[in-house]
Structure formats: C-alpha cells, structure tokens
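Look at the two complexes coming up: chain A is in both, with chain B in one and chain C in the other.
Right, the complex of A and B next:
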C-alpha cells in the first residue's frame, strides 16, 4: 500500500461567473491540474467528480462523462454527491483506488454553478442538503441551522459574536493575495459586528458567500510518478470519512460534529499522525462557527476551547496552527462541489511552497483538510505530507 | 484479493408508489437485504447508494446519510449519480472496496421516486441525463435519443419493429411471477405493434415505464462470511466501467455502445471468463433497442446479429442465453437509481435458485449484469459466480 502523490492541482477563480457552465469551469481547473502535473490526458484512467446541485442550477445531471470529455479524457467518470462534501467524498475514493492499485492516474475534482440562480432560489437549492421532510418543510435553512449550532455552543461553552468575528477577520486577511479568492480584501471586527444579522447570532460576515468555481487534482501512484519523473513530492497519507444523522433534532448534541471526529480519527490513524504533527489546516468554515466545531471535532482543541483560537492568534497565519490560509470558504468562496478538492489544492501549494501564504508556513510538512456536508451529516478528512 | 460475497439482497415492489419517499423505499429494500443476509446493521461499515433525480423529484439531495439512518446503520454513506447507472457505479466501488480490504461489510443499493411528478415533469427530469446545452435544448428527450439509435441500427444492419416487439414480449413473459415487477402480465407482438408510437420506430411497448422502487444488497468479505457462517455462495468476480462522450452527435456511431464494450471487456478479464461462460444476463433494456445494443456491445452477438436473438429464442428463458429473466427494465420497471443493484439482486436469486424463473436456469453458475446511464455515456458490467 503506497500513498498516492498529488502530481498537480488546478483552480478557477472562485466568484461570480453566472454565464459559465460547470463543464466550462471544470475544463479550466482540470486542464490546469493536468498541466501542473505534466500528465498526458491519455494516461488518465478515471475521473472522480463532485457536484451538488447541477440538476437544479443548470438542468444537468450525469456530469461525470461531461467533465471527462471537457478535459480530453477518455475514461470512466463518476459523479459523487455528499452535499458540500461532494468532492471530499470523491477524493477519498480516488485516494483509495490509487493506493489499492486500481489505477495509476486519476483526476479528482468538482465544480458548482450557483450565481445564475437568484439568492432565494439558491437558498432553496442549498436546502436539499438538509432533511426535506423534517427540517426544510419546517422552515429551516442553512444559516438557521448553523445559527442553532452556534447558539447551542454559546449556551454550553460560552463565547460571543466577537469571537466569531475574529474568525471572519482572519480568513479575509488570509485571502488577500489569493488570485482564486472571491473576496481578496480585509475586514475588521467592527465590519463583521455591524453587518446585517442573517440568523441570530450569525451575521453576514459569519457566512460564506454564494460562489461559482471548480477545482481539480491529479493523483498518481508512486511508480507512475517515478517512471515519468514527475515533481510530485506531496502525498495523501491519510483518508477518513464519517457520517451522522441528517437532521439536527435527531442528534445527541448541536455543538458537536461526531462525523468530523470519526473522519479525523480514521485519517490520522491511517497516516500514523496525531494532531500535534499537523502544521497547517484547511477546514470547512461555511459559517464561522463551523470552523470552531471542525477544529474541536478533529481534536485540535478541547470542546469549548476552539472559539477563542482565532482571537488569541493560535489559528492566524503566524500562529501555531494556521487555519484556512486560502481564505477558507468564508473569503475564498464556496462553490459547493468544488470545495473539498480546492482544500487539497491549497494545502498542496502550501506544502510545495508556491502558495501566496507560503512564507508563513515555510517549515510545514503536514497538512489536514476537513470537508463537511450539510450540518456535518457527512465529513471527510485527508492528511497530506511532504515525502522525503 | 478475494472476491466479495453477496450475503443478501432486498427489493421493494417496483411500480407506482407516489406517496413513498426514497428513504421509505430504501428502508424496505435495505432492511430486507440485511435480513436476507443475516447481518447485524452494527457491522455495516459504509453505504454506497445510487440515486438520480431526488433533487428534482422530492427536493432531497445528500441522500447518503438519510439512507444509512433509514436502515439503522451508523456509518459513512455516499450517494453516487451516473444517471441510470447510478447504483451500478455504487456497486462497482463497493466491490472494489471489499476486495481491497477497505471494508468487510458494505450495503450497496439505490432508490428512485418518480411517479409523484406528472409525466411531462418526469420526462423533463430524466432529460438531465443528456447534454443539456447541446441535446436537451434542441428538443431531444430519451425516447427520441433511443429512436435515433434504433433507426441508425436498422439503417446499418437491418431489422424491423417486429424484432423489437419480440424483446418486449419476452421480457413481459419473464416478469410474470416476479412479485417485484411493475407489469406482471404477458403481451403479444400485436399488442406491441398496435400500441401508440412514442418516437418512430419505438412504440409504447419499446419503452420501460416510469417507476418508484428501491434495491439493496449486502456485500461481505469471504472472511466475514466464514466467521459468521453466512449462506453467501454467490460472489462478484468481475467489475468493469466504461465511459463515452455524453452527446450522441459527438460519437462515431449511433448503433454501438463502446462504453458497454469497455466495461464488459474489463469485467470479463477481471473475472477470467469469456462470453461463452455466461449462463444468464440482466441487461439495461430501458428501450428494446438498448437490449440489442447491450448484448452486441458486450460481445454476446456480432454487430447486427443481436436484433433477432429474442425472436429466434436465443435469449428467451429456455434459450442458450436467457436475458432479463426479471422482466427487465421493460416489464419489471426502472426506478432509475435502483436499477443497477436490482439486477444484482435478480442474478443472485437466479444463481442461488430462489428466483421465480430459477427452473429455467437450474444449472446456471455465471451471471452478468449490464447497467447503463444516459445513451450509454456511462456503463458498468458485473460478473457474478457461484463459488465452490
């Protein structure tokens, strides 16, 4: 069992591209990844593709074959859908398949087209990631769901809106210089606190934006990398997946995400590392509170301790554990199906040293990506490491 | 590398159940499969689930976690979507994961809810499996697409509507006695020829119906089967997947399905068998012409020779290669996301000897399942064999 190498990564700009189809977006990201890898599309043996709401946003299901064709690949292609963890789920399976010798070269990625819908339509479309019968029909949308989780956290552990604002401030600062990011500008705590309330206690700056974009990566076996003399020094050394009950009311607690804990436990054991070995992380901050729950769920902080991590500088770019140096979903943007592999792309560049924030983590050797679906009914965690 | 065993299978009735959600349907099929297997839900390590159009039909994406919960399984769950090959794609990955030691016990299956929409809505929803920009907006629907393929076949190789009618007659006859089938009644060639034309040369009886239903199977490692003394004598010994360009106009020919050929070549090589070893097959007859293309594509007949197979009795239940003893998509029905694993369930029962048509294939030891998406832009083929 030999860990797959990340031979190349590619991203579109994340932002508002209402006239671009998913296939157009993915073509750009996929071809960029193949180019970055120096891999011939004819060598690709499969495409593992994440997409969440193409049926609704652009009347297009069955996107796997479309995406393979868009990047000049003549190989089987399958679409994975786990809500906002769609390309995380695709990544996990691609990692397992390369590791197990099912393939030597795979393209993994995702895309989402969202801004061609109006905001109300998008909110309704996003709600299909929740339980339609028992949550959505009762009026719950995702800002409301995460607001419940934030309120439960505050109630159980304390914390306040300023703490969440510090997370938004951090992630906006990290996005400055990221040419792929939707918001390449800083904000202040005051900006966040003064912004309109979306769902108490979450304001506008506690929520990620609506985003179009695509991501891709080329995973190869070690033997393929060696034979083709590829510059592929980053490996995926751990993969984990967790699941939870879909509806919030069916869970034991609102301020915990056991699916993320399960995924992290599995991924860290798989890689043979502990939280103390991790130098940098990309986590699924669809809302600021989600970053807190992710970091606590994965064991980086005890329950109740993660809320102050940004404010205290632990997770800022010069802290002990820089989190979301990409800008995160908050500032880089969240084209749903693309996010999981976007995190992989960002971490790969951080570990390779060609990221806009590389100077802040020049010694980083181990990175972790956390991708979550819905209110974390699905989660994947992946560990990336520089190989000797 | 040891082939996974099919420990148990479960199916709902395939038919019109407009008030039942996908989760309700899958709960019935999944629990039936677990019961058939004698496997404790607590032992299940993952759910691989196929669904095609839940976002549109019931405003429900992210169905993986819902389905795990519906069958009492606390494990990660992922939804696969490859149009009509959705659960075939899920099955392939589950087979690979058990074979490679990623898991000892997995549930694989699928569900689709369709009849709660009206027929026009369903036709429009099904069209998301085609190329929206270049096929659907030009007015192409699936009956039209398969009519083009049938017309091209007739033009290239000959054949006539009576030949296709014989396929429908055969599959309807096979469905009699299948308690899961939508149409448990025989038809005549005259019935088929006299029925309304849908898209020339395809009439009403050349098309599969619109169907609600679910399917499930429990796959286990050989060691788990042995340890738990399971009655699991059928193994999945071969898996293959193929892809093709999405739109018909981008292909070299309309009367061939190279994705199915690629999938079959891979699956047969994987199992170490040839077409001559196959005793019984379930193939994706969404339209009668699709059965012909499937059988030729997989190499059971030379191009142009498959059209007469039913009329000449080769593929009837007492012929050399009985095809679609379930009734096929034509008569058993086609709840899109459920079909791939439904074929697995039917073959498993045929090989075990507890199928309503078992008496016709009492010596069968090798079965093949062919599942296709769209106009066969996606295809999976699986080989099942009785183990000594």
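Right, the complex of A and C next:
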C-alpha cells in the first residue's frame, strides 16, 4: 500500500458570493488544483465531491457529474454527503481508491452555496444535520446543539466565555493574510464578548460565518507522480473515520466527541504517528467550543484541559501546536461541503512552504486535519506528511 | 405523519409517555426495531419516568423559521434515567439551571408538535 500524493490544491475565495453557482465555484477551485498539480484533466479517473445542502440552496441534487464537467473531466463522479464532513468523507474514499490501486489520478473536493439564503433559511438548512424528529422539531438549532455541548463542558470541567473568545481571537489573527479567508481581520476578546448571543453561551463571534466557496485537490499515486515528474512531496499517510449516535441525547456524554477519537486513533495508527509527532493541525471549529472538543477528542489534551490552550498560547501560531493557521472555519469561513478538502489544501501549503503562515511552522513535517459532521456524529481525520 | 413518533407524542400528550427498553435496560425513542446501544431486537414500551433532570440547556436567540415567534427560548437535554429527551423548557430563561427537575409533555399543534419540559 503506497500513500497517495497531493499533487495540487485549489480554493476559491471563501465569503459571500450569493450569485455564484456551486458549479462555477467548483470550476475555479478544481482548475486551480489541476493547474497547481500540472496534471492533464484527461488523466483524471474520478471526481469525489462533497456537498451538503445543494437541494435546499439551489434545487440541485446529483451534483457529481455537474462538477466533473465543470472542470473539463470526463470520468465518473460521485457526491458524498456527511453534513459538514462531506468532503472529509470524499477525501477518505479517494485516498483509499488510490491506495488500493483502483486509480492513479483523482480529483477530490467540495462546494457549498449558502448566502443566497437568508439567515433563517440557512439556520433551517443547517439544522437538518441534526435529528429532525427529536431535535429540530423541539427547537434545536445547529448553534443551539453546540451550545448544549459548551454548557455541558462548562458544567463538567469549568471554563468561561472568555476562554472561547481567545479561540476566536487566535483564529481571526491567523486569517490575516489568507487571501481565501472570509474575515481577514483581527478581533479582540471584548469584540467577541460584546457580540449578540446566538445560543447561550455562544455568541456571534463563537460561530463560523455563513459562506460560499469551493475546494479541490488532485491526488495521485506515487508511480504517476514519478512518471510525470510531479513536484508532489506531501503524502496522505493516514485516514480514519468515526461515527456516533445522531442525536446528542442518545450519547453517553455531551461534552465529548468519541467519533473524533475513533477517527484520530485509526488515522494516527495508519500513519504510524502519535500526537507528539504532529507539528500543525487544522480542526473543525464551526464553533469555538468545537475546537476544544476536537483537540481533546484527538488526544492532544486530556478532557477538560483543552479549554485554555488558546489563552495560554499553546495553539497560537508560535505555540507548541499551532491550530487553524488558515483562520479555521471561524475566520476563513465554512462553505460546508468544501471544508474538509480546504483543510487538506491549507495543510499541504503549510507543509510545502507556500502558505501565508508558513514562516511560523518552517520545520513542520506532519499535519493533521479534523473534519466533523453534525454534532460530531461523523468525523474524519487525515494525516499529511512530507515524503520527499 | 411519522409512524412511531406520532404515537409517542400522542402518549406523552395524554400523560402516558413511554420509551423503548431493550432486555439490557437501554432506552431509546421510536420508531426503532433495534436498540441503538447494543443491537438487541427485543424492545418493549416502558413507562417514561415522571421526572427528569436537565443535563444541559441553551437559550436560543437565532431560531429556525418554525420558532421565529418563540425566540428567545430555552432548549434542553433532560435525563429520564434510561433515556434522555430534547425539548423546549416552558420557563423563563433566567430561572433554568442544570440539574433542575422537569416533567415532559407536548407543545405545539399538528405538524409542529414536539417535546416540551415543565419545571417541577
């Protein structure tokens, strides 16, 4: 089994593009990835595409073939849906296909169009990632679900809104200079604490924005990279996926995400690494508390110990474990179906040295991406390593 | 119409709430044919305890369109022993605390019916 190489990556600007169709967004990201890779589109053997709410946002199902033709690829294409982990799930399938020899060249990516809906419509659309009968009908929103997790965390381990605000401040600072990011500006703890409440204890600055955007990457086998003399030194060396009960109330605990633990355990074992080997991480901070739960779930901190990581500088860009140097979902934005592969794109650039924050992790050789769906009923974790 | 869910709400509304119990004592909510915790297929309707306690709650300020006239409102997960429920708490947001005891009933009408909690 030989690990696939990341030959190229591409992103659109993440932000408000209400008039742009998902096919238009994906064309930009996909062609950027193909150009970055230097791969002939005629060599692509499949498109693995993540999208969550296409039916609601633009009355468009069956998006796979649409995206293949948008990037000039004549090959089978499938859409993967796993809520906010849709393109993480697509990535995992693509990695496994290259590994088992089914394909030498695949395009993986995702797109989401969201801002053409108003806030209430988007809130309703995102809520379908939760249990409709027993959660959504009972008034639970997606921010509300993460607020339940945050309140349970505070009750069990302590922690304050200020601790969460420090995570938002960190991720906003990391997005400055990221040309793809929705918010390329710093904020203060006071800004976050003074913002309107969305679902107590989470305020507006604890939440990722509503975002349009697309992401793509070209995965190739090692032999294809060698034969075509590609500059593809970053490999996906580990993949893992975890699952959990759909509804929060059916889980053993509200302040833990065992699906992320299972995904990380599998991915780290697959890559033959431990948490101590990881130089940089992109984690699914759809809400500030989600970054805490992700880092604890993957084993970087014991339960109850991750809440202060940003405030104490451990996860800031000059800390021991820089987290979300892209700006994270919080500041880079969260076009739901595009997020998983956008994390792959950001980590690839960080490892190969052409990321806007590369100077802060110049010796980095191992990166980890954590992508979560719903209230982490689905999770994927991928390990990227430099393999010259 | 949602078979299983509708009957669950009917029963809860008339004061005869139940959950599905497997032979190992795990609780879950209908419709189900398999215990989601252990895979047991022997499920029986068991009376829902009268009193639960709030495990976590949030005050929702930005609602879905269905709850546009309700916001801000309190949504909680409450522990009824073998099973937990999610519902709106029919109480002032300032008065709700984790650990509070609640009973479960049904609010709304027709398609918008859902679980609600009342402080005890």
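The rule is short, and it goes like this: the second predicted complex is superposed on the first by the 387 of 388 C-alpha atoms of A that agree within 3 Å, B and C clash if a C-alpha of one lies under 4 Å from a C-alpha of the other, contacts with A are read in each partner's own complex, and residues count from 1 in each chain.
As a working rule, a contact is a pair of C-beta atoms (placed from the backbone, for glycine too) under 8 Å apart; a residue touches a chain by one contact, two chains touch by 3 or more.
Because the structure is predicted, anything quoted here is derived from the model rather than measured.
Judged by the touch definition given at the top, the superposed model places A:83 against chain B, while chain C stays out of reach.
In the superposition on chain A, A:29 makes contact with neither chain B nor chain C. By the touch criterion stated above, A:93 is placed in contact with chain B alone, chain C being left untouched. Among chain B and chain C, the chain that touches a larger number of residues in chain A is B. Shared-chain residue A:144: touches chain C; no touch with chain B.
Once the two complexes are laid over each other on the shared chain, residue contacts for A:250 go to chain B and to chain C alike.
Once the two complexes are overlaid on the shared chain, A:136 sits against chain B and chain C alike.
By the document's definition of touching, of the two partners only chain C reaches A:121; chain B does not. When the shared chain is aligned, no partner comes close enough to touch A:230: not chain B, not chain C. In the superposed pair of complexes, A:290 makes contact with neither chain B nor chain C. Once the two complexes are overlaid on chain A, the chain A residues touched by chain B in the first and by chain C in the second are 127, 133, 136, 245, 250.
Residues of chain C touching chain A in their complex: 2, 5, 28-29, 36, 55-68, 70, 72-73, 75-77, 84-88, 93, 98, 112-116.
Per the touch definition, chain A reaches chain C in the complex via residues 119-121, 123-124, 127, 133-141, 143-144, 147-149, 151-152, 155, 196-202, 245, 247-250, 254. For chain B in complex with chain A, the touching residues are 21, 46, 52-56, 58-62, 64-66, 68-69, 74-83, 89, 93, 96-97, 100-102, 125, 127-133, 136, 241-246, 250, 259, 262-263, 373-374, 377-378.
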